[in-house]
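The following pair of complexes shares a single chain, chain A, combined with chain B in the former and chain C in the latter.
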Partner chain A sequence: MSDVKKFLYVNRKAPYGTIYALESLEVVLIGAAFEQDVALAFLDDGVYQLTKDQNTDGIEMKNFSPTYSALGDYDIRKIYVEKESLEERGLTIDDLQHLTYEDEDDDWAEKDSIQVVTAKELAEIMDQSDVILSF
Partner chain B sequence: MKFGIMVNEGPYTHEASDTAYHFTKAALEAGHEIFRVFFYHDGVNNATRYTVPPQDDRNIQVRWSELAEKHNLDLVVCIAAAQRRGILDENEAKRQGKDGDNIAPGFRISGLGQLIEAGIQCDRLVVFGD
Partner chain C sequence: MAMLHTVNKSPFERNTLDSCMRHALPGSAILLIEDGVVAATKGTAVEGKVKEKMGDVSFFVLGPDLAARGLGEDKLIDGISVVDYNGFVELTTKYDNVQSWL
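What follows is the complex of A and B.
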């Protein structure tokens, strides 16, 4: 087995209401230091985690959504969002933050991190992962 | 096979910790190795020695501690999750200026890197949660 494993962080819950989304992000940020092959998946209510213009003033909780835009700096380039979950909630990719990374193999070109995938494609991505952490 | 176990829910409210315990015990009895059990989210609440369930119920915390002693298990509680929820060992209590600690025997407090390491080192990382 090679030293680098494929880690997939599966995010299924809304950003607020429970702490899973916030603490998942904490694992992702720590895990980024281990130089593994990292991907994130957002499905079910988890797609709300990436929505833009979040405002948490009314619930007096920290709005941690700006942290997602730092994922590119942590060399996290693969963020999968399930198409069906977006559609069920009346969302499109335009409702999500524009997340990017810089590709050092392509003259540091700025590239999109988010890929909208079908449930079937996501199942294949899960199948190809070595370690799946589900939140 | 070498297993890593992740427990993401607290005791009693949710069955995740029970199921994780039974899985861990069965794996050990079948001759497998448990590299580490990592407690995260409300799972850190499995590590307080102050739980006092009714006598006719299982004691989830004591059960983990006994399993750890019998099999020399590495039970790791995430420090960030533990601090939020008031799970402290002696060092942390001192460092945070608290008047006591509550961590149960067999558990230790450490960082999230221990979870990632389990993912890297183990053949399977099994997550028990909601």
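What follows is the complex of A and C.
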């Protein structure tokens, strides 16, 4: 299909304090139905969206973090996390959920979805995207 | 008057915590809530500023907001006390007044 566009969803807010993270996730899931080339970027406070072991029992809000592990089932394979943003927050990739997808071109091998990229690399990814949706 | 200050914004996104710390007098307390809790974790770019202020004011952080963001108590800066909602209420009664920095 020639009209496939490269979509990039840019996530820059921590979860739960504002509605942006949940809204972004919902738009991503809706958008996934349109068979476009989808990538997600997490930078600035957006990196907190992907932390593992989130438990929202105490704040009586829905814990939407398990939904990120379903993105692979929607054929979303490119999840970029900015290195500088992790470092500024004392976080490493080990603090984040392990997200994977199954590669149909490689005998459904399970592969990592998350790629840690530098700000410079992320700038290139943004530059090469057709549609950027920012949350 | 000893004041309880609450801060609900991330220090990486807003200058709320900076402004609060600039105006919090010795003997007062700062309670980090909602997205503000990220300032209580170790190894961040704002850790130094928080530690410096800890000499003057007491720092507290709301446990349920930490848990929601997957931030374990093992990640906290030493000397910051975790409180639950009851503890939040107790702090508001212990201090003379409350200032909510938004």
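Quick notes
Keep in mind that, in the parts below, the second predicted complex is superposed on the first by the 133 of 135 C-alpha atoms of A that agree within 3 Å, B and C clash if a C-alpha of one lies under 4 Å from a C-alpha of the other, contacts with A are read in each partner's own complex, and residues count from 1 in each chain.
Convention: a residue touches a chain if its C-beta (ideal position, glycine included) is under 8 Å from a C-beta of that chain, and two chains touch if they have at least 3 such contacts.
Computed from a predicted structure; not experimentally measured.
Partners chain B and chain C, brought together by superposition on chain A, fit side by side with no clash. Contacts of A:123 after superposition: neither chain B nor chain C is touched. When both complexes are overlaid on chain A, the residue A:109 reaches neither chain B nor chain C. Contacts of A:70 after superposition on the shared chain: neither chain B nor chain C is touched. Contacts of A:57 after superposition: chain C is touched, whereas chain B is not reached. With both structures placed on the common chain, the touch criterion links A:48 to chain C but leaves chain B unconnected. Set side by side, chain B and chain C differ in how many residues of chain A they touch, and the one touching more is C. Superposition on chain A leaves chain B and chain C with their closest Cα atoms 11 Å from each other. Annotation: chain A has no residue touching chain B in one complex and chain C in the other. On chain C, the positions that touch chain A within their shared complex are 8-10, 12-13, 34-35, 38, 41-45, 47, 63-65, 67-72, 75, 84-85. If you check the complex, the residues on chain A that touch chain C are 13-18, 44-45, 48, 51-59, 61, 63, 65, 88-91, 95. Residues of chain B touching chain A in their complex: 6, 8, 40-41, 80-81, 84, 111-113, 115-117, 119-120, 125, 127, 129-130. The residues of chain A lying in touch with chain B in their complex are 3, 5, 7, 19-20, 23, 26-27, 30-31, 33-34, 36, 130-135.
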